[in-house]
Amino acid sequence: MIIALKSGVNQEDLKILVADLEKLGVKVDYSQGANQTVLGLVGDTTVINDEALRANHLVEKVIRVQEPYKRANRAFHPLDTVLEFESGGKTAKIGSGYFTVIAGPCSVESREQVVCIAKEVKNAGAAFLRGGAFKPRTSPYSFQGMGGAGIDLMLEAKKECGLPIVTELMEISQLELFENVDMIQVGARNMQNFNLLKELGHSRKPVLLKRGMASTMTELLMAAEYVMAGGNDKVVLCERGIRGFDSFSRNILDLAIVPALKKKTHLPVIVDPSHATGLSWMVPAMSKAALAAGADGIIVEVHNDPEHALCDGEQSLTPELFKNMMETLRKYAAIENRII
Amino acid sequence: MIIALKSGVNQEDLKILVADLEKLGVKVDYSQGANQTVLGLVGDTTVINDEALRANHLVEKVIRVQEPYKRANRAFHPLDTVLEFESGGKTAKIGSGYFTVIAGPCSVESREQVVCIAKEVKNAGAAFLRGGAFKPRTSPYSFQGMGGAGIDLMLEAKKECGLPIVTELMEISQLELFENVDMIQVGARNMQNFNLLKELGHSRKPVLLKRGMASTMTELLMAAEYVMAGGNDKVVLCERGIRGFDSFSRNILDLAIVPALKKKTHLPVIVDPSHATGLSWMVPAMSKAALAAGADGIIVEVHNDPEHALCDGEQSLTPELFKNMMETLRKYAAIENRII
Amino acid sequence: MIIALKSGVNQEDLKILVADLEKLGVKVDYSQGANQTVLGLVGDTTVINDEALRANHLVEKVIRVQEPYKRANRAFHPLDTVLEFESGGKTAKIGSGYFTVIAGPCSVESREQVVCIAKEVKNAGAAFLRGGAFKPRTSPYSFQGMGGAGIDLMLEAKKECGLPIVTELMEISQLELFENVDMIQVGARNMQNFNLLKELGHSRKPVLLKRGMASTMTELLMAAEYVMAGGNDKVVLCERGIRGFDSFSRNILDLAIVPALKKKTHLPVIVDPSHATGLSWMVPAMSKAALAAGADGIIVEVHNDPEHALCDGEQSLTPELFKNMMETLRKYAAIENRII
Amino acid sequence: MIIALKSGVNQEDLKILVADLEKLGVKVDYSQGANQTVLGLVGDTTVINDEALRANHLVEKVIRVQEPYKRANRAFHPLDTVLEFESGGKTAKIGSGYFTVIAGPCSVESREQVVCIAKEVKNAGAAFLRGGAFKPRTSPYSFQGMGGAGIDLMLEAKKECGLPIVTELMEISQLELFENVDMIQVGARNMQNFNLLKELGHSRKPVLLKRGMASTMTELLMAAEYVMAGGNDKVVLCERGIRGFDSFSRNILDLAIVPALKKKTHLPVIVDPSHATGLSWMVPAMSKAALAAGADGIIVEVHNDPEHALCDGEQSLTPELFKNMMETLRKYAAIENRII
């Protein structure tokens, strides 16, 4: 961390500032140029309160050189994290060397629906089944998901098709229902629900953490850090579109965050083209682009009857379109030496 | 709701669509022009699933004329809601005719700090004391607030100064600690924490609901609707800045939402210039602008020692600057016939 | 400018970098801390190419402490610029101590229209007449303005009402038509039309420079600097709304840029609430807010028949509503000691 | 176009409105439902002034079903436009079936530099040479390009390497210098410089039109329409990143606009990953993603000495990295049956 001081600072005040900083355990490197005094802070600067520093009357600018995250930081963990999931006698993996496809309906609606879709996506090559039981809906008058009964149906579908399952948790009290769920999804709207993140840090379940609609890359990594600080290192990051000013797609799929994240963190990074675009006919193109950009996988919506889906029908692929897309993705994966 | 159909729709398919819509309790008004067929839906269209409609192969466009919120909607409740709070033998009000100033530290840090600031802001004319006990912080390594002990200190400060208090709730399980808190704040990051909103709908406490950083006006009103749908009509809306592309202020204070909200809803609307700008020297100008734009109040941060504040020092006014600002605000309030 | 170097830099390479920088006329202040080497550049760093520096393999971070603008910079010109315009035997002023109202139709449509509106806005207290002759329209099929004939009608209206006039220039070749125009407007879409700005730098006409829809404050000031670098110091800056993600108003009126600009530059700053909101019923609230935020004036659209305006009818005030607004603005101006 | 009327409209006023609309040459389809009256406008609604309609006191909502562009509209020109360029005895093409790579330095700096890079990119498989002679720079104190001398050097490089060239035009008066340039670039900042677009409509030169930093897809297509309305149908659209709130890349590369544009228009669509990300190490990943998303080509910056580039060094690939990237792109192109 570099602190540029204002010109003509009072030396007594400066001593107090330096002493305050040293009390926090960092070493203060004092560099007096002819015209500018600069403090260089060495050590664990994640404990420094930038805001108070900026309010200090001696300070001109505060610049973080070091990233504020530790456990998620590739600098301290150079090797890629690869998560493994045992289910149906097989091992599904997410991370470097793989391109993992997670597919299924937006919402669980019935046993028939979820089992049927589960078999279809498995046959087409998906590695995970997704499906929502607790649904975050903008309107209190919209279908809110089947709740616990939906989780049960997901588990039945898992039994039938053998795929590990991922489904969204909206509140800490639901956690016990997720005992047999393979990966817990935290939705974009909960990315900074810090109490929920802390609680998941005490769990040993992998967490699929979606980027908030107006979250920076650093904020996403700090959200992962909340989970990891609790001892749970199994976090998968997911770009799912950010808010933009145009309406040709629901959100803006910010694919450049994929290489940016891969540089900064060892955690796996996947992409959700269904929620990002909101339009099923865009999903194959953006899924291929996600692979090309370096993503470790995608999470997509597949529905056997999109016109009657209880939510997000407009963005769901039919099983047939999903199958076609998978065939193309396999060709792309071959170029990049990814196992699909 | 208006549904523009594609040209050349199959009449049998159309009958099925119309029947499906009528099952939901709306009346379907069929308007066949020479070149365009348009369905007009009359009744409670909040139950309609726009997404499934858009996925329907007959449909060209879906346009909502009616707003999707009911209880928050001024159309159904033309009179302004004015909330009343009894404390210290006085009544504080928020809503039409008043300009209510809520002031206090970002975080509760100690008894001395919060009582001292409470007295200062009361003397300067604040109607409410604010102060955070549970703090949503981007980093898990930052000060997370004093928690329950912070709530106790806020209650002591309330006893000393007589002002009603508002403080932030981050999780449902904290609710019992808020029994004597006068108004519960829901932060921007929790605006779409729907489980939390539903729970507050069962409470009888007034809720101060902050707009999310990338939330539309309609989403904010739908979040209020979540609380109100549970039976709790006491919601105060708060504009606190949205995410933008520039860095001269922390967020963009979107003041035009004030008149827009006043037109659409009967709920009180206040503004938080401290979090929106992140810079204390901008707070007086933006507080005056909030009043001028028609806000029913402001919530601002005041700290007796901003340089040593445990959070957000850069955006906190000193008590003296707060007092000066209140004097100007009183002149502005006089022009607009607002009681301050 | 501060340059933080990577750790373990090669001393020979560093010498070359320092020599390259010194060739540009800046003094390089070398600060070797125990763990971090920092170069401080002193002198006129506006000549430094940040991009090449960032591409240098020795460099970790580049931080500008000094602003990249000079003539627009309050640091070098502490006193507020106040522009004076002689017209109709009177002097109109824009700048500190004044709140200048510029009003008129979006487009000049006919002699009757512009003269009628000119008289109305003058009687209500406007200091300038605005009106578009060359209109930047999104569609090539929309009304493109009356062109030169529109300028002539503006000049006639000026003769009739005595107010100085401001109208938009879209292309350098139009410049000769603007000989008797008092202030030349550069629209938001041309804010970074650098050739146009350079040309206006050779003119002696005051320039009303509107902020681009996605321009930062620094980019706006650099656009002003383009004009000023040519020798023309008469620039008025105008906030007119930036692009946002919501649709309740056309753009986001970013009022916090007003105090931010007043701190950074000596140039006058005005606000255009008509284009920012696109809705006439919001204009009075946002005009008052602009004054409260510290703006030196506003530019608003007034039309005698908004329903038949050839452009932007939805955002134009009627003369009667304009008159009412002016009455309230006078009360606000009195509090702030502004001459209206 | 659909106009939803307010309830209880006056029939006389309605007759006037309908007559006004019919005067513009559209047929008005009157659909009276039980509760809502809807007007359907048939014919060339590009002549309708939406803004005046919205200001009309009878009107509740105005919805465009038809797109406001005609010549750029795929609905009227179903077949893809493929542009052909003769140079050096070969034909370069841009459009369906091809993946055209345009490469070269940000700025032309010297004969040696541009000829050297031209040969390198040609050998690696580029189809076009790019290079800036007139440079739009944020600062008036930055290098503004070599101007006409730069165009001459581009023409020399063309002679040496045989590739057709593309370079940016900033002002109408420069047009005569572009006589031997193969394609004229209009930069993002000039996307709505309507006078420039109109002038290029009278030219017969192909135009590479870059999306503005905050422009919607419709605005981009309307800008193309300005050129095409003048009779010049040779327009190539280019996504080059939009403004966002994060800083991990310079702009947000909005790749979903590629399939969206391909659906709406017959014009070729290319992507500029260099300006979008501002970081050379991201360019290969985002170039592959552009191809995967369906783009007809890319335009990338290549510099033989990025650390000493006079502009944008941080985003320029070295010739070697460019060559490696081309090899991978050929594999991707093979999957998609694109000729590279």
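Chains: A, B, C and D, in written order; residue numbering restarts at 1 for each.
The rule we apply is simple: contacts are C-beta pairs under 8 Å (C-beta built on N, C-alpha and C of every residue); 3 or more make two chains touch, one makes a residue touch a chain.
Just so it is clear, the model here is predicted, and its values are computed rather than measured.
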| item | value |
| --- | --- |
| Interchain contact steps from subunit A to subunit D (minimum; 1 if touching) | 1 |
| Which of C-D and B-D has more C-beta pairs touching across its chains | C-D |
| Most distant chain from subunit B by Cα centroid | D |
| Separation of mean Cα positions, subunit C and subunit B [Å, integer] | 32 |
| Centroid spacing, where centroids are CA-atom means, of subunit C and subunit D in whole angstrom | 27 |
| Chain centre separation (subunit B, subunit D; CA means) in Å | 40 |
| Touching two or more other chains - residue numbers and ranges from subunit D | 214, 242-245 |
| Contact footprint of subunit C on subunit A as seen in their complex | 2, 4, 27, 29-36, 38, 40, 42, 60-61, 63, 65, 243-245 |
| Interfacial residue positions of subunit A with respect to subunit B in the complex | 46-47, 49, 51-52, 54-57, 68, 136-143, 170-173, 189-190, 192-196, 198, 212-214, 219, 222, 225-226, 229, 242-243, 280, 306-316 |
| Touch list for subunit C against partner subunit B, complex | 214, 216-217, 242, 244-249, 252-260, 263, 276-277, 281-282, 285-286, 288-294, 328, 331-332, 335 |
